[in-house]
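When the chains are written out, they are named A, B and C in that same order, and each has its own residue count from 1.
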Amino acid sequence: MRFVFKTTYRQDLGLFRDGAQRNWYVVLGLAMLVVPVLVPSYLVDISLVFIYGLCGLSLMVLAGYTGLVSLGHAAFLGIGAYAHVYFVQDWGLPWVISVALAAAVSAGVGVLVGLPALRMTGVYLTIATLAFALIIQEVLTRWERVTHGLKGRPVDKPVIFGVSLAHDAAFYFLCLAALIGGLWLTANLLRSPTGRAWVAIRDSEIAAQSMGVNLARYKTLAFAYSAALMGVAGALFAHKVGFLAPDIFSVLLSIQFLLMVVVGGLGSLHGAVFGAAFVAMLPVLISEARDRVPAWAGQVIALAGKDAGHATFLGLDRFVKQPGLEPGLFGLILVLFILFEPLGVYGRWRKIQVYFSTFPLYKRATFRRQKTYMRSERLR
Amino acid sequence: MMLEARDLSINFGGIRALDGVSFAMAPGEVFTIIGPNGAGKTTIFNLISRIYDPTQGRLIFRGQDITRVPPHEIARLGIARTFQNIELFAHASVLQNLLLGRHAHARGHFGEELLFLPRVRARELAHREAVEKVIDFLDLQAHRDSFVVNLPYGVRKVVEMARALCTEPTLLLLDEPSSGLSVEETEDMAFWIQDIRTLLGITVLMVEHDMSLVSAVSDRVLALDYGRVLTLGTPREVQEHPEVVKAYLGA
Amino acid sequence: MLNGLAVGCIYGLVALGFVLIYKATELVNFAQGDLMMLGAFTCYMFVVWYGLGYWVAFALAVAIVALFGAGLDSAILRRVLGQPQFAVVMLTIGLGAMFRSFASIVWGSEIYTLPTPFSAKATRLAGVTVSHEYVSIIAGTILLCAALYAFFTFTRVGVAMQAASQNQLAAYYMGIPVKLMFSLIWAISAGVAAIAGILLAPVSLIDINLGFIGLKAFAAAVLGGFGSIPGALAGGVTIGLIELFSGAYLPQGVKDVAAYVVLLLVLAVRPQGMFGSVARKKV
């Protein structure tokens, strides 16, 4: 059993639990630096993981920590992307200023979306964010002067302070820096009064109010900060995809972001990154599986009988080549996680850690969340 | 005059939950409100915490009219409360719950917190020290890092009170502090309420059903029934008042 | 005008499904639109693939989808009773995606037409050409609502369902078969969705994205007040008419988002909608 021995309050306040954990993260950081050398062909995919990590972080702050579930966050990604491209390519602003402005625009819209949220709770808020996202998507389609509408807009490679980052590795480091920056800023917020106020709003609004938390201010702040993070992610996303069209930022993408948060584990920063990695890697995994699984399954069944094996191969092959399979798989994974692992991948990781650190005294009930059966208990 | 209620009334739809309730509390006293269930005791608390708006009447706290003040201002004015059904932040640790109690004194500065400047760190350490004082006062050291969901009911009630104390109030509202507690825990609660009054100098307004606790601790008692004041006086006077006896035991 | 009314009726029917489930179990079923789509496809399958008559296929499709809804409840949704609402919302979203995928695998992802006894027929009534398809929608909605109203008013089941929704444990203790109640509600709701889908099929053609109408039906449910059954219908018809008028008089593109703008306005100004009521936690 490991015991963390603390002697000062500063230790409690730090970002890492103890020196050992900090060293692990340093090792992780060094590994990330070496990745471009090891797997240069996957750099673009990994950059997408970092961008999605920012998105997951954004939604985690809003849904995981403040309890305001948003079903339309892809709209903010779109706003950030289009705003950034507009500022850089149409107005010729420097890259860094453009990203900052795009984040500000996104934050502004976030505040607008958050305004009605002050009066709504629970599922009504979710529906409202969905409605907002659909309206924003329509606006992006119609506002042709800025977004070029359905024709789409090509995006140039980023040029920061005169240095072109067209190279994959350079873009990789840019996204990595953005993600680490986002994580650090968010972790800072979470260990200060603002973060505590957010968690209080999630768990009991009435108690939070009676402790002096101004609900309106903190909910608006949550929306604005979350949208700003999405705005930055949107700018990077625009460079990554190279071509913007309004139908990229659909409800389906928002659902993928929510999937990130659920799979990763609500209420933890690690969860956001785990979830992002999962959701970004999933299409890659699916396409690999599409190519390999039918042949492999056919070979296995062929041990029983050559005809059966061939039939299996043909059947599975036809099945996995269906175009509509991917969303269904996403849905299935979402359902399975909600049913069997509501704490997400990070939750499972924590359970494994606690199991080993308290072996043989581990109790399954440690992580059991209390169920509320009375409607009056569910209203916050 | 610490807190004064003048002619407080509130309707919920057709039900008149409070009807012309008036009382005044002196600083440093322990004032208890008793009454059968549904008499409107917690409603008074909810009016003071500004969860509800009264249809009529006024509330005056240390000379300031707080009848229409926004709910989140109440803590800053120096009024803290506990809840009947424990409204702790279930998925946070005891320490985080208590630190949130400091929020009334912890005006957040978003930009500074984003970068976690040294002055934010200093403020956080100061809050931690204040919270630790309350933990020492109520003997919660063993539960400091436990998640609230894992704690037994009695401990949760103490944490609720600790969180209220962390706001450094001048007036503390305790809603049924001994409900669900065993005899020993109730005795501890009685000692703590006395300590809060004598050592910390906080005025206490309490809703309570347990008559032994009421007699042991209170300076004055207000009896309510169906939203109306029956009588106001010392615990002994109120317990012997014929109307109070009738309300509790029937004619 | 009739067009707007008819579309509004469809919104109302889907909204009705939402409200039924919400009243009974307090879950918001984001997969309601996709159940509608499944109903339409099942009926299509019976009519076109198996050559059954329209009415037989109608009845069969509704029955199958209703049973499916009940099965969904007992197999999956029961397990999340008591979990926070967020979890349930995500669950139904995931299920909706799975239904769409299933439909595209079994029936293909093109657009299909459903031959009905009302297709392409019209009568002249008081100088206006009235399409039988729209009339069928409106008539079907009225009949269905009357039947449901009778069911809830004149049977004990309605009261039992409300009890189950307020406090599930207490309902159990009172002898109400809570699980059966929930499955029944889901069956009814799924059946209503299927009927809506089949009625809508001749007008809007069947494809896997039929379910996105469910989003507009949300607006209808919220407008009418999320806990009110007549409200859902009233909300649906209102939204249908609003869309019609915004399509005629407002710039292009507004029609598509009119429902959502209404939704936001209602949520911001009067969250309980036209007929609903606001609930609050008692501390």
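Here, contacts are C-beta pairs under 8 Å (C-beta built on N, C-alpha and C of every residue); 3 or more make two chains touch, one makes a residue touch a chain.
All of these numbers come straight from a predicted model, not from anything done at the bench.
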- Query: More contacting C-beta pairs: A-B or A-C?
  - Reply: A-C
- Query: By mean C-alpha coordinates, which chain is most distant from subunit A?
  - Reply: B
- So what's the Cα centroid distance for subunit B and subunit C, whole Å? 47
- Item | Averaged-CA centre spacing for the pair subunit C and subunit A, given as whole angstrom | 31
- Item | Gap in Å, rounded to a whole number, between the CA centres of subunit B and subunit A | 41
- Message: Give me the residue numbers in subunit B that touch at least two other chains, ranges are fine.
- Response: 51, 83, 87
- Each of the following residues of subunit C touches two or more other chains, namely 283
- Give me the residues of subunit A that touch two or more other chains. 206, 369
- How about subunit C: which of its residues touch subunit A in the complex? 26, 28, 76, 79-87, 89-91, 93-98, 100-105, 109, 165-169, 208, 215, 218-219, 222, 226, 253, 256-257, 260-261, 263-264, 267-268, 271, 279-283
- Mind listing the subunit A positions that touch subunit B in their complex? 9-10, 12-13, 185, 188-189, 191-194, 196-197, 199-200, 202-204, 206-215, 221, 267, 366, 369-370
- Query: In the complex of these two chains, what residues of subunit A are touching subunit C?
  - Reply: 63, 67, 69, 71, 115-116, 119-120, 122-124, 126-128, 130-132, 134-135, 138, 141-142, 206, 255, 258-259, 262, 266, 319, 322-335, 338-339, 342, 369, 371-380
- Touching residues on subunit B, where the partner in the complex is subunit A: 49, 51, 70-76, 80-81, 83, 87-92, 96, 99-104, 106-108, 110, 113-116, 120-121, 124-125, 128-129, 149-150, 163, 167
